[in-house]
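Residue numbering begins at 1 within each chain, and the chains themselves are lettered A, B, C and D in the order written.
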Amino acid sequence: MSELTTPESGPMASGVDTTTVAAATPDKHQPWKELGLKQDEYDRIKDILGRRPTSAELAMYSVMWSEHCSYKSSKIYLRQFGEKVTDEMKTHLMVGMGENAGVVDIGEGWAVTFKVESHNHPSYIEPFQGAATGVGGIVRDILTMGARPIAVMDQLRFGAVENPDTARVVHGVVSGISFYGNCLGLPNIGGETVFDKVYQGNPLVNALSVGALRHKDLKLAKASNPGDLVILFGARTGADGIGGVSVLASETFDSTGPSRRPAVQVGDPFAEKVLIECCLELYAADVVAGIQDLGGAGLSCATSELASNGNAGMRVQLKDVLKRDESLTPEEILMSESQERMMAIVPPKDLKAFKAIVDKWEVEYSVLGEVIDEPRLYINWGDEEIVNVPPRTVAHDGPVYERPVAYPNWIDALNANSVVAAGLARANDNATELAAQLVQVVTSPNQASKSWITDQYDHYVGGNTALAMPDDSGMVRVSEESGLGVAIATDANGRYGQLDPYAGAQLALAEAYRNVATSGAAPLAVTNCLNFGSPENPEVMWQFKQATAGLADGCLALGIPVTGGNVSFYNQTGDVAIHPTPVVGVLGVIDDVARRVPAGWQDEGHNIYLLGITRDELDGSVWSEVIHDHLGGKPPVVDLAGEKALGDLLHGASLQGLLASAHDLSEAGLAQAIVESTLRFGVGARIWITEIMERDGVDATAALFSESTGRVLVSVGREDDVKFVGLCEARGIPVLRIGVTDGRGPDAQLAIKDIADFNLADLRAQYQSTIPDLFG
Amino acid sequence: MPKIIVEVMPKADLLDPQGKAVANALHRQGHANILNVRIGKRIELHTAGVPTEAELAEAQKIADSFLSNGVIEDVVKIHVEN
Amino acid sequence: MPKIIVEVMPKADLLDPQGKAVANALHRQGHANILNVRIGKRIELHTAGVPTEAELAEAQKIADSFLSNGVIEDVVKIHVEN
Amino acid sequence: MKIGVVTFPGTLDDRDAARAVRIAGATVVPLWHADENLHKVDAVVLPGGFSYGDYLRCGAIAAQAPVTQAIVKAANGGLPVLGICNGFQVLVESHLLPGGLIRNEAQHFICRDQKLRVENVDSAWTNAFELNQEITIPLKNGEGGYIADAETLKRLEGEGLVAFRYLDGNPNGSVNDIAGLRNERGNVVGLMPHPEHAVEAGFGPDTASAMRSGIDGLKFFESVLKAVVNA
């Protein structure tokens, strides 16, 4: 009987691989290996089903058990984000990890949901569509929670500026994000852009979205009431990105690069914008009992997750899926990653109201089936049963690996090769050279103005943007009545991560926390996107273990919980992994965005204060990279208690209206902070650094370029001086007056005593031209 | 002026959002007989003289490597107009 | 599938910044023989059967009134492909 | 006083335009793309965005919508109509204003605070400005390059129909630095930059006195209030 109906393998040209056929042909060869499954995983599927899987079931399991969907290598480490928390940290948490995105209570009946996700591999293959659909995907995650998406951000890592392939990726990625985000009408309020040769074959394209909702509008991705209808709506299903999840995201690509070009997805932001408005109207009408976006793994994921989350089952007729292309096989329909689709669970009594709303928006839909009492997912192709599985085994009980971990021996030598040990020359006594280094550092590609990129993003749409590029964090108003709003900053420094992944993750967290605090908001919650090499490499796994421990411990110390995140493994070319790049996003809340603190000097005659202590911490710094092309030593010391105290001070001072401006110190230290503060509004200043050198016992190079943490530059009006300094002293925050602001105008200057006087117009021209000269 | 004309279309099995939007608009206007629309590019390369064989071969290379993106598009035609 | 193909180009005496940008890029790549580039659209209207005369006339009207904007563009060609 | 704010599928700045109308003191009437009548509004704003995805040509599909047909008729009868960005593109595609808008010269989207000179104050949407007043409002577009043939340009310049011109750098390659136009009658105005994003201190462009405090856009809406009251 076996040779009668089934072809050898792959999609069925004629005849369908039904559950009956599968039971009768136990020994048929199946392409599980090509689909990315391991022998033991395939055997487990057979165990679960008591027979070999049908080709449709195999498609589902392979894609859902891929690293990207199942988190099989990272799961055991991600748990600690839920475990290392106090009850107090949970007080604002309405939905924690595990859902499409975490939800945080921000008061006044409002909640926000935010998450960052990677679209790295697709963005290397097809930068424009890869980045565009990355934005589309994360926005649907936010929408799924019942929220109106209100802003996006993008965290980008590109290869070296001088590599000829970098321009291709930069142009494609930036225009893809610009195209999709702008067409959706979501303000882009910030992000990161870093160039480093370690990302040459593995650019990182992470996208973040934040949404706002009233508490009562919270939606969950579950199907729990038998009889409810399963409805697929939005774009039609086509051949886009078939197998994308397992092939694109789970396998390291070989070095042959773009010649091996798998199917990509094409995004239609217009369709998504319509889908957003349509979904929000559906929510308002209260006609959906559960909702899930279709992202990676398409229908396989949506059906199994909805059923599994609801502890129920589902009966689905696959022939009823609206298709763009009638030749799609059932397996392809299950795997398709066509964009701009959603799945809703709708009580039958609400179908009419549902239909009226989707018709108004000219959104197509089809009823695929219904929720059933039994915890089983049945999918039919016409009369034939092609899937009959327990949904939990697909969606949640996938494999979990405790992969081998090995301490990388090379790290000792790397840590030993500090800036001091390597004897890197300093220009302490040569003012001319020091001034030249300052310009070289702040105009280097990673430090120079990113306005060529950010000017391609709409940051006005919505009319609620209170802060955006180039400020320390992005801030949007949530309530037009009260001014209640949220601030978000994201950070990651791969160089620190390479030197010490535990500290690297904490440094990213500390910086994002500080950026939110400088803007006047109170940090409340954390998201992350962990970008690493291959988990099959024990040294990478060690880096991952360290980074997740660092982040979890750090969040506990700061008292803010991780609400969700994303893991991207296999970011490597051949054997060479990227630097560990844990992107950490911190969200803060502000009672009235009118109170936000600018990141630049605005007025003449204000005093400039440096908060915090400067140590000789130049290992891994921008200075060591730009001036000496060096990476070695240990990253700056992390002091989370100090960060918290500093954050509390900033919050207190901003509540009292004492801060005319505040800007955090991070990459390239004080030098970068003063240049950015002066160029922000074109206000000059006179700065002296000798008192820092004396008080902290550091030389001029360290005073200018050290990347010691826990430092912020603030400006304070004369009338608030005494009060402000008193506040710092009372709270034990080191405070030192290092300058005073001057006026604006064509002759405005940044005068750094004993080093140089910089004309602002000239400095601005250099700071602004680096990126356009490379990519414009 | 002689020109080499390069015609580029989105790949058949990928979504063409632009074509879809125009097809919808035509359907709203009552043109039911137009089942589907796809929109690509028509690129004219103007040359000084009538293109030689070598120039055409060069144009083919430019069309494949630069004027179109092989991941999502196909060059469907190259021809000369004088 | 039969299709009516409509080709639309920016008017000759108006700016075509996209064509200019492509021409500049080709010149930087050393293709000096390409004097100028202009970029327009190739629009495929898919029909159920081989288009009738009436359908072609209708397509001409759609091309002039909707698929192109006569103020800035010209329909340079309409033809059928089966 | 009732001002209609149009929403096509893909319109993005409708909520901002509505806010601007409210701040100026008028009542907002939402108009949907499928509306065949204008619900007795005294003026209409066509806001920015990507109507119908802006596929084919920006504004081309929206120009066919029922509500646009109604607006064209009403505008020809004197109803004040303001087209902002995508709304300007719709006006041009509907031939209420001449010329066309094409891809920016730099080939990419650009969002920045833009200085403009108000060159005509005899319209329903500009009468609250002073002639040659310099204002700053946000600009954000991918296809904002204004083009027209030589004859049309001559007429526009000769008859004073250029309402706004870019200052301190032309952001998109528009001919003669044209940022916005009015029609002969003065009831229809279209421009690429966004007045509705400069109506509320804290959320507008930076000014010399404070971050994001620019509200130059408010005058557009104050103008139409005056125009309608005086009409």
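Quick note on the criterion: a contact is a pair of C-beta atoms (placed from the backbone, for glycine too) under 8 Å apart; a residue touches a chain by one contact, two chains touch by 3 or more.
Source: prediction; values computed, not measured.
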| item | value |
| --- | --- |
| Between B-D and A-B, the pair with more C-beta contacts | A-B |
| Whole-Å separation of chain centres (CA-atom averages), subunit A against subunit B | 37 |
| Centre-to-centre distance between subunit D and subunit B (centres being mean Cα positions), rounded to whole Å | 34 |
| Whole-Å separation of chain centres (CA-atom averages), subunit C against subunit D | 29 |
| Separation of subunit A from subunit C, taking each centre as the mean of its C-alpha atoms, in whole Å | 41 |
| Per-residue overlap in subunit B, given as positions that touch at least 2 other chains | 17, 21-22, 24-25, 29, 39 |
| Of all residues in subunit A, the ones touching two or more other chains | 268, 270-271, 362 |
| Subunit D: positions in contact with at least two other chains | 52-53, 55-56, 64 |
| Chain-level touch network, classified as line, ring, star, complete or other | other |
| Touching residues (chain side subunit A, partner subunit D) in the complex | 174-175, 178-179, 182-185, 268-271, 273-274, 277, 361-362, 455-466, 477, 480, 593-594, 598, 602, 681, 744, 776 |
| Residues on subunit D engaged by subunit C in the complex (per definition of touch) | 56-57, 60, 64, 92-93, 95, 98-100, 102-105, 107, 145, 147-150, 173, 175 |
| For the subunit D and subunit B complex, residues of the former touching the latter | 52-53, 55-56, 61, 64 |
| Interface residues, subunit C side, partner subunit B - complex | 1, 7-9, 19, 22, 25-26, 29, 31, 33-48, 55, 58, 62, 66-67, 76 |
| Residues of subunit C touching subunit D in the complex | 10-11, 13-18, 21, 66-67, 69, 71-72 |
